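By written order: A, B, C, D, E, F, G and H. Residues from 1 in each chain.
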């Protein structure tokens, strides 16, 4: 549909209604809407792993509702992050079948087809206070049809609890490691396993934690190489990176 | 070899030279060296993708030489990062067959077997000043037997150069996107492709760049989700994360 | 009126009621009130583009009312920024004809004459969460009699949407580019157009966004040269810079 | 030349060698190199005001020489910034007609045509230590064919020197205000004139100056609205913004 | 009274009830309470200019009441800073004659004797939003019996207003200059007058103001030498420094 | 109980039901749960000084209740920190015998046996606003059966009050020194006594205090060597360090 | 001399060569050079305490020489700060009678008349490493004709050394307290004396000292009120503030 | 000896040469030198564990030599830290028997008596680059007569190496844990042992390590409670804290 002007132009040219030179000039004088069209088409392909997601913070309930409506119509399902309990009440009225999860602050309408390929994501968190961020990651992955292994309360101050879960970590395809305060968990895990480790610093802590900066710096400076860090409290972003990793390998396999 | 004490204990027990209870107590009183043993054994398995690498900065040439010697003996090849030209002279004397690359500051002895599985890593950098970091990543990957596509000088201030290279990006399995100054490249790439994107901020810039902080923050705050950030100038770490991603998917495939 | 003492002195001198030397000494002993007078006169001329605006934050409703009253009497119109809904209620009581816009937090009484010269300002924002800042800029410009093109939701994670709007950008005289989170929009625009670009970082985001610092640093470090940055969330300041640019060129033209 | 593939395709279509649908598909399967082509063409137009400039820092003399060579061939002139005295020696050998200015660290080959339109840029600096940054701005403008008024040593600690130069400021079309330490100059100027003010913080100072951060923050927080700030020590960027402002108004005029 | 144990010891010694050696040992074994005694005595002398003041923030109303009670008994008057309206209600109940000033958040009981020596303190602030901090300074000075000249709304964006008040500044003995946002006022004043200037940054502003940091840094980096900076929003501290300056010169005079 | 699998394996081996080699392999294939077991056993021993404590912040009342329940069953007593008054109401319902202290925000069930060894901890704080942090430390120590000397209001601005308490400090085994604002107290104490000094910065202050950063930096830079700093407001952590110090010396003694 | 145009105008008017209205208009059309003139005249008066000083850092030897030459001609003496040993060699050649002090990095030509009024400044420093900053302050004061008491090595880690010098502090009119590392000295002194205290943080220290930030924050947050802080390492600025304090009180006295 | 004036006064009084009142007044008029005396006496007692140490950085060789000379005369031994190789050459000339250790940058003359009490300090470091800081700590302890267990290269990225050394840690009285980069080592150790843990962040690392800040924050935020942190790279300070801990327990024991 959007491609109409380009097609029209090509047909005009094929019919001899314009010269190649004239067509070329038209393409050059209006190039960017065409470029944009092409990009948009391509863009859709990118989203195979995950359709566009609504970031609920800084938005009104009405804005989220409109966006969910559009996504549901296009894909049959929709997901919004950072939906507060107050906002959820309004959204629920419009989408009675929707589901709001207080722990993760996600609001979902339906979910994607389960992946037919293997690839479990281990979502590991250091303390119980990190669970909301962990659930944002885990439930985003589940919405996208992925299997998740949850591992909780394995902070490095109690190393035995982490070591007891190593087999779970080793059976996963990607590990999302979530920690606040000192944020040492991803670095320790990175030294124990060969999987890609996605590190999520959380704002859990106080004082010289500076809203998650201490954990963020720890993760960026981890001695174990091969750890990719996302923004503070960004469970959703970690899930998307995990999805990218799984999707890329699946594409490659075939 | 290291397992000897444990084996000895088990054999003692099998022979009836000690009771199960006595063996249990011995295991408990000396548990950690055993735990360490076991971990060390496992540890080796982790390194399949990449044997231990020597971080050259803060070390003396002598320390690097000793470490390379040990690694070469164990694996037949060795790699050191952050080797300055001065340090390289001394190392070269000891390892005349070694190779020092000034651009990447890597010193390598031999290299690993080429991977038999597919999976190209695109190493993309915004400006020519980011090339040293890009080469640290690219040559580490090549040392580890991986294929690399280099894409250079595609900063977001000249978007057409980036768009002209999109097919290269789309053929890769993982993308390492490297940028200093404003650091917007990984976020823009993340919006154009579905591959996992590893973002490397560099310290290129001046003033309010603060030694790479501006690029680091940009990458952590990228609107495109699914971008994993490593430390400033850490091309090596990005390469290891790419290796982890490729290795994990290869394991999963079989 | 204020000039009275100076005129009086000159007349005294003209009448011979004092000597030149005496007049000189008087001028020197009381110089600053005179300097101030002169400056104040000149000062008024500066404000051609925009009469004094009331910054509502940190003020009481009563203080804003008094200031609006004075401005309205002097100019026939008045504008206050950062007026909260609560404060607006009180101000509205006093100025029933005034208009409060919740999105931009502006309270306006009347508006300035439309400019007779051309010069559209494109107000471009990356995400819907940046709209309040964008509207502060856009409506300030409209209050000052300028035409505005609004371009929304063209963040760099969806490049095609931005490219589709390039013609709008190219038809403008000045571009105000507004973005939170990674803040890459102004730099990308700066690489695509030749207009002056005014960059406004917003505090939209979380975690390592640090209340807008990430966007601010990105903009200061933009690889595209020729981008002027204003304070975080300062849509008003961006509008005034746009007005200065338009006004200066109009002056020069004649 | 670059347009060849696109033209070839269009001619093929005109000749009936392919169907419109086939041509459309080709455009879609290879879209980005075409998009890039188009962007590149457009891009050149952007540079009317100033051809691409070489940022000398972080580059080798050889890299700068190659870039200057290419630019000179394309435009007949070339400019490199941040060229150290050592680097200049090497570049001079290759371009004996080139000119290195130690104060501004610019290396120039020829210069652009003088602008035929009016529009002087006032380059104002607070202290003599800010002169290198001021000269980077001023000489970049002069390279681009613009007239510059230099105003020096008018820091706010000696207000009378600034007030004595107000007429120079008022005759300019754009003002570049440069200051280190407390950085108050642009804000004070902004309160005295109606011109657009481009503020350049410099790293001049010590202690709690933090390499220019104090001046940067002062400028971003200036009470005088309508001040656009560039990066610390970025005289070149300020010059380009001034060029954009002058160019945009000249375009609009006709 | 507190000196009793020391006096007792000396009398014991005088009476021959102990030997010098025994007295010496006693002094050495309990030396610090004696040292403390002496210091406490001396300490009182220090407070000539201003008795101990109660810092109300972080305290309960009850704690403030107890402290005021003690001070009133000792001195006949008392002053508490940072007293919120809520806390003031409780304190007022206990001290019906006390006075709470909402602007300055001071609660005072009586006041000190007016100083018989000259020495006016000019309390100058840049914007109306800085008035609470200015009043904390001014009213503390008035409580201590000093005369104050208030100068308001003389920010550097409207230089003429400041210049019009220079005579007031020049007639003062000390100047307290208060400003938020860019904080340039003290530096400009320091260039215009020879008085000691006490600079108070305020937290007025937003964005890159960082709660007063921008103003603080500006003041620390002021090009005008001879400016003493106190903590952000610390009007009280500025008043005490002014009192110290006035008191010291008065002592010296006699 | 947890040790069952290991014991079972050893008994199997003793009975000849498996070979030493088979047992070895089993140990190696499942090593980490065993390692974890062993660590867990050892771990308990670590806690002699203080059983696990519940950090109440970021937890729900229900989560705290469950944790207290478990700890009480295991040890006969339990302690939770950072319990707000609201949360305390819910916890109290479940544990009517529990005790909530508003000052320290601790909720305790019973307490540990008093230590039979000597070793008083002096808990010293600079101002009355630091008392909540001091009480968190002091009451944690008392819960753990230790004796505490409280010293209050001995900030360095009134040195005589500190000197008067030196004997109390010198009689203690460990000193916890707590201060906000400038945070100089621990450094001054460190110069006066030979005891280990644990420094606790508090967030008391405002402006350039930055939530305790000023005190934190002061303590880390103390000229008196031998001062160990804990996180801002971390009275509990200081108490645990004091317990470690006392416990270690008691162990050593015997 | 500079006043000529103004005088000429007044004489013209007195002679009847122009009307008062004409004179008034002339004053208004050329107001700023006049304002500047007046300010400049006034300005000189400000400098009674200290003629303009040359800040040597960021300047070339030649620039310093020219400035000294001008100052010497105007005043008979001159002072430059931050003169490195290398720069001093060049300056000495031109001014063989000049004196360079390596400790303070001051270069002086002659010195001002000794003050006839009392008023000693105590320059107190915490450690021997702070001496260069202390000498910059002390020798600037001596250059300006003031008496200085030097007190050294009285850091708060050795309180007895400070207490032993209290009488020196109490005999001074102003105290300059200089400290690096923890920077607690000014706050402790402020609690012991009633004099105005000027605090100078130094960059002495390492690690979390951050180039003097720790000392700076300590001083800004000092519990002792009435302490004015200058920039890190700014001994000269402290001296000028001391001169302002002494000068102001002397003016007031007469 | 220093006590002479005090003794003299007491003897005078005992002899009746003055009245108790006169003696009291003398004590009060000169109190601080006496207070200082007493403090100084007491002070010496504090140093039992470690005589005063010379901090070599920021000092000249001559200043260090003088200080060492004084200390050697007083105690028979002396220690200087941060002695560079260049400085060491000069010091060695004066003290041919002294010993400079390049690794730790310590210069020592003799050493203290070995402690007769038990108490080993484990000095543990994460990487070989942390060894200089570790040796500063270890050799300071050995100079003070203490026994040290060195544990190296046990960073958390290779957990098995740490676990293998747990018995060494458990046999120590105090643990000094040293780490750069992510700095997770002390927190992990704190979870494994009950000893007091002194954490030393080092500046080893790059990028977002910020000269040791990342390690510092990690340690302050460690989940394992009871960790005392010292300044970045401050091995000496850690040693002194260990000495204080050992000394205090030894005192208590007897």
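Please note the rule applied: contacts are C-beta pairs under 8 Å (C-beta built on N, C-alpha and C of every residue); 3 or more make two chains touch, one makes a residue touch a chain.
Since this is a predicted model, take the numbers as computed values, not measurements.
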Other chains in touch with both chain A and chain D: B, C
Partner chains shared by chain D and chain H (touch criterion as defined above): A, B, E, G
Interface with more contacting C-beta pairs, comparing A-H to B-D: A-H
Same vs different contact residues, chain E with chain F, by half of numbers used: different
Mean-CA-position distance for chain F and chain B (Å): 38
Separation of mean Cα positions, chain E and chain D [Å, integer]: 50
Centroid distance [mean C-alpha coordinates] between chain B and chain A, Å: 24
Set of chain C residues in contact with two or more other chains: 32, 35, 38-39, 42-43, 158-159, 191-192, 207-209, 213, 216, 220-221, 231-232
In contact (per the touch rule at the top): chain pairs: A-B, A-C, A-D, A-F, A-H, B-C, B-D, B-F, B-H, C-D, C-E, C-G, D-E, D-G, E-F, E-G, E-H, F-G, F-H, G-H
Touching residues (chain side chain A, partner chain B) in the complex: 35, 39, 42-43, 45-49, 53, 118-119, 163, 173-174, 191-198, 216, 220-221, 225-232, 236-237, 240-241, 243-250, 252-253
Residue ranges of chain E in contact with chain C within the complex: 128-129, 158-167, 204, 206-209
Of chain A, residues touching chain C in the complex: 30, 32-33, 35-40, 43, 55, 57-59, 63, 201, 203, 211-213, 216, 231-234
Complex contact set, residues of chain C against chain G: 3, 6-7, 10-11, 13-14, 16, 19-20, 23-24, 27-28, 31-32, 34-35, 38-39, 41-42
Residue ranges of chain C in contact with chain B within the complex: 126-127, 155-159, 181-184, 187-188, 190-192, 205, 207-210, 213-215, 217-224
